[in-house]
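The following blocks contain the structures, represented as structure tokens.
Common to both upcoming complexes is chain A, partnered first by chain B, then by chain C.
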Partner chain A sequence: MVKHSLLKIVTAAAIAVGASFSALAADPIKIGSVLSVTGPAAFLGDPELKTLQLYIEKINKEGGVLGRQLQLVHYDDGSDAAKANGFAKRLIDDDKVDIIVGGTVTGSTMSMIPLVEKAELPFISLAGAVVIVEPVKKWVFKTPHTDRMAAEKVFDDMKKRNLTKIALFSETSGFGASGKKETEAMATKMGITLVANETYGPKDTDMTPQLTKIKNTAGVQAVFVFGLGQGPSVVNKNYKQLGITLPLYHAHGVASEEFIKLSGPAAEGVRLPAAALLVADKLAAGDPQKPVATGYRKAYSERFKEDVSTFGGHAYDGLMIAVDAFKRAGSTDKAKVRDAIEATKGYIGTGGKVNMSATDHMGLDQSAFRMLEIKNGDWTLVN
Partner chain B sequence: MLPQFLQFLFSGITVGATYALAALGFTLIYNASNVINFAQGEFIMLGGMLVFYFMQAGLPLPVAVALAIAIPAVVGMLLEKLAIEPARDAEVVTLIIITIGASLVIRGLIQIWLGKGAHSYPGFSGSDPIHIGGATLLPQSLWVLGVTALVVVALWYFFSRTLAGKAILATSCNRLAAELVGINTQWVLLVSFALSAALGAIGGVLLTPITLTSYDVGIMLGLKGFVAAVVGGLGSGLGAVLGGLLVGVIEAMAAGYISSAYKDAVPFILILFILFFMPRGILGAQVTERV
Partner chain C sequence: MSGVRRHYSLMLLAAVLLLLPLVLPNNFYYDIVIRMAINAIIALGLNLLIGFAGQISLGHAGFIGIGAYASAILPTHFGWHPLLAMAAGAAIASSIAAILARPIFRLKGQYLAMATLGMGIIIAIVIKNEAAYTGGPDGMPVAPIGLMGFEIAGEKQWYWVLAATLLFSFWAAKNLIDSPFGRALRALHGSEVAAQVMGVDIVRYKVAIFVLSAFFASLMGSVTAHYIGFVTPNIADFFHSIELVTMVVIGGMASIYGSLIGAVLLTALPQALSTFEGWETVVFGSILMTCMIFMPKGLVPTLAARFGRNGREDP
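Then we have the complex of A and B:
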């Protein structure tokens, strides 16, 4: 009996101590995230997670936001959209997060959107396709450039070089399929004729059959490849093997140092639109993006001993926009934070200058893209 | 027209040769134990990834290649010793599931150790394409084809001319009888796993300069190798080679003449047809069940 009551006292004391502790330190701001850290999209999700961890740690060391620490609640969807939906539910119902920054690919993002809309929770997606913010959804924002912008930028450059009859070679992944659709629409708009239209699978190891077909199509002046990951590197190699000398363009999905490394000499002369981050050290001294891009690049590569990619940059932008919104809203009230994100103006990130509005939940324009060409195994800015 | 056909053919034969090596691996283990080793694809992945890793560490190519073939062979033996042997009295289906588990473990470990990115290294004899009849062929493709041919000849010699090879064949025909005449069937199983792992690794080592590698390339290559083994007739060495080349060429032709969207589906449709009309595969043994 004595023993029993003693136990009760100890338990009560423990509870009291615990309660006073949590009362002392304000509750952390919970940043939820569902990323594709494993699976086919791992090369996107991995740098995104590392970036979030790196900067949340950094912000906490500097005193946090609104006097509160940030806490990252993170799940890995394994590049599976169905899992992303389940994890989003968990973030909303169990973890009760204040915002979600994540959704590595368009598929995962789209599967999470109905949930965040219903829960009325601000959501900043890190995925590419235009459907995420078009039509505008009240609670959904995104940081990366869209496939439509990439197509427009590429066609702009082609027109400057008087290339109007081109072959489109797109990946059958979600990214490539959406890119294909947007490219086809943009071609009609900009007076570019697609004389050949081929596809390849994201895990394909040999694209010579399709490229042979393109090579033998009459009138092709340039080739535009829309894909991400290792496929485009294989395309480069096959392109060179077949001795095709037409100008070769890629989309923004391959913008990483790895792309040059994997393609080797076959990457020479390839052009693609990409964020300024990739050429941070080559930007003009007065470029507003220079400090942000070089700062992020330095912090990331010092900590993880690997090259930056624009994908990690999207996570950086997402987190910074969220933090900025918390500060301006002065609280974590969901509706106020949402309004603050929508009112983001003139934020300079790794992806470009962000000006959000009620009709634009991405806030980037064409100036966010730079046209790059690979020369001597390194990026160079075109004009 | 002809150059185009030739190009598809070259592309198909190159990829097909790797499927053939994978299929030979399936065949070896199937013969020795009736187990379909679904970790076969991971050995292909290990071959390429290890060469990349050792070359990064500064080792010369021949040393890197030797290590990248030897280490998977040891992994194969460990797999047999630690996972298959303790469960040797279990049903074949159980053993097959064990190999699937093993493949997940290997893939996971490599993902943690060497990362999730894609890797490559230069071809053994440069990357200047060779022009034949208007089509082009990479020197590395010749390496793939040449080494595959060598391996096939070596295996044929091993199984028909050496005592060790005959012991393996005897075990595959009748395990009990083999034990009764003094063959160490445990040893046979171990050697089969080592051999098939090494075969897979060779495929990976040769193919990587053409196709790149990453921790998860084993899944698709392993599946295609399995299709090749079944198409050729499970258990037949020559069938495995024929099956591999057939799957590779049909895939390339499908991508070239029909649509690249159906490329991956074609081999799996092929397997259905072959199994429907030739349930034992093209060169499968005619087995009569004794009642």
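Then we have the complex of A and C:
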């Protein structure tokens, strides 16, 4: 009996492989996606997937695009770039998708780029680093702000407060490492001196040694932390425990409600650059982003009963830019769609105002970031 | 195992590899078969160490990482020829294995597992942190490989390269196991004291087999890097090591074809299960558990004992 049931499992697996191949007959527009729904980057990939599902369902209910339904074909790379590469091949060669929206982290995106370039398929990445769109790659676009923009925004704000000697405290993750590189370059450009430059591991639970060193460094006027996930919250707590009173800045990677919850009272006074989405209800009435940001926020939290994060917003922008491009191209012809994406002008998304061009495949400028400060456990806009 | 049977099974494998392109519908299926072949060769090398010599290694992905990053770094940063880089990677991995083998193989059981685990993790950390050369956690692109003006490109060419490599590895492994060297390894597995009494230099054999499997792993790391065209530190990850050990155990320890079946199964399952929408890890885990509960010796040895006519003992 046991062997019998095993045989069934193997047969089922074989049928599953076969079934995925035979589902080509219908004629929907296929949107492919490889996201990190599990693994260390799950907190990014999970809201991205939910957002894509939510809005594709919604668009289909309203009649689809070009009179055709949208079909989402998505795979989970488990936060492993090598798997993302394999699934991208599957999307291109087997599922024959019309566009790829996805690639949660920079590593996954970079491992997919050679494939989409070769297949000449439009690709909108949801990952952060500058290398994705610089140098410009013909078929590759991205929606999130870059680490370089975050550093620039933070330094802008510091300069307004006459803080020019700062300590950089970055995470050794991909996000933090890339952020460190861009921050160092931006500091030189903007006349900021890095008097201390420390790092921490993404799973560290105590950052007091590095913070003590920063505290004892002469001349430090402010601290800039570049990290994701839980690490930055630990920094906040240790910062208060050590009684450091210098202004504390974080990067855009922690822009979620979770960050405030995890840090508790230690988050008070912390500043960070973030997309308007987080402060949707606090935006001025005439702000062009207000309707988009509040609309997305409402739809997402009603459906999934959880707070929005800017990461899901990136997926929203990616999908909307793709849909808009299909409409303007009037077909799913890959070259025409690519040209249409590149010609995106004045699209207002959750991330900001997008103006793509042949030399800019992200299309966001500094105005896309708002400087936020945490006051009384809530975000407030800094002018 | 008679000589005729040996050739029979190799010819069967060759026939399958020859006929497979007739049924593979597109490049994606080629891709899966190529990944299966790569994993099978690595699992084979690991099986020689774990199944035949009875020594565990939980750091094998480290050697794969060395090969992969040698093929990525040396041509990109130093302008080496990819083949030379591949050889250098294999040489580095083998040397590390040779140097570490003597102290490591003084240990047994869980202590040996811990030591190899530590070694693998250290290699992964070095790769992750030497960002100037390795690109850090985001990884780096790898130049294509070629020989005398021909570049191996596209799934179909890689398929034939790996089919040939796979066949050669199986032939070599079979011969190795039936040689005095292989018999010494199995003696070692059975009882180290008995093997020593019979005149087997156990340290020398343990070191030799560890170096050999590290060599295989590094070469296949290089091949993976060139094939995918991109490497990330995940390739040297602890979880990758575990995945490889799982292939060996599921397929069947001390079974050449067990390595093949284990690699095929563990490469195909994640793709086949991706339709389960978020439940794939649960289904994957329960399949592995079912296999281990009902077939603790692995698929191939259990099935061979069940259906085999060659009079092997029933467990």
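The criterion applied here is as follows: the second predicted complex is superposed on the first by the 357 of 383 C-alpha atoms of A that agree within 3 Å, B and C clash if a C-alpha of one lies under 4 Å from a C-alpha of the other, contacts with A are read in each partner's own complex, and residues count from 1 in each chain.
Simple rule for what comes next: a contact is a pair of C-beta atoms (placed from the backbone, for glycine too) under 8 Å apart; a residue touches a chain by one contact, two chains touch by 3 or more.
This structure is a prediction, so every number in the text was calculated from the model and none was measured.
S.K.: Contacts for A:216 in the overlay, against chain B (first) and chain C (second): which applies, first, second, both or neither?
M.R.: In the superposed model, A:216 contacts chain B only, not chain C.
S.K.: Mind working out whether A:86 is in touch with chain B, chain C, both or neither, as first, second, both or neither?
M.R.: The second partner, chain C, only.
S.K.: Touching A:200 in the superposition: chain B (first), chain C (second), both, neither?
M.R.: Touch partner of A:200: chain B, not chain C.
S.K.: Considering only the touch criterion stated at the top, classify A:161 as touching first (chain B), second (chain C), both, or neither.
M.R.: Touch partners of A:161: none, neither chain B nor chain C.
S.K.: Just checking: does A:233 make contact with chain B only, chain C only, both, or neither of them? Give me first, second, both or neither.
M.R.: After superposition on chain A, A:233 lies in contact with chain B alone.
S.K.: Using the superposition on chain A described above, determine whether A:107 touches chain B (first), chain C (second), both, or neither.
M.R.: It touches chain C, and chain B stays clear.
S.K.: Taking the stated contact definition, name every residue in chain A that is touched by chain B in one complex and by chain C in the other, in rising order.
M.R.: 38, 172
S.K.: Write out the stretch or stretches of chain B touching chain A in their complex.
M.R.: Touch list, chain B to chain A: 4, 7-8, 10-11, 14-15, 111, 115-120, 122, 127, 129, 136, 138, 207, 210-212, 214, 216-217, 220, 252-253, 255-256, 259-261, 263-264.
S.K.: Could you pull out which chain A residues touch chain C in their complex?
M.R.: Touching chain C from chain A are residues 2-3, 6, 9, 13-14, 16-17, 19-21, 37-38, 75-76, 80-83, 85-87, 89-90, 92-94, 105-107, 110-111, 114, 129, 131, 172-174, 177-178.
S.K.: Can you name the residues of chain A that touch chain B in the complex?
M.R.: Where chain A meets chain B, its residues are 38, 40, 42-43, 46, 172, 198-201, 203-210, 212-213, 216, 229-230, 233-234, 237, 240-243, 258, 261-262, 264-266.
S.K.: Which part of chain C faces chain A closely enough to touch in the complex?
M.R.: Those in contact with chain A are residues 25-29, 31-32, 35, 128-129, 131, 136-139, 141, 224, 228-232, 234-235, 268-275, 278, 280-281, 287, 290-291, 294, 306.
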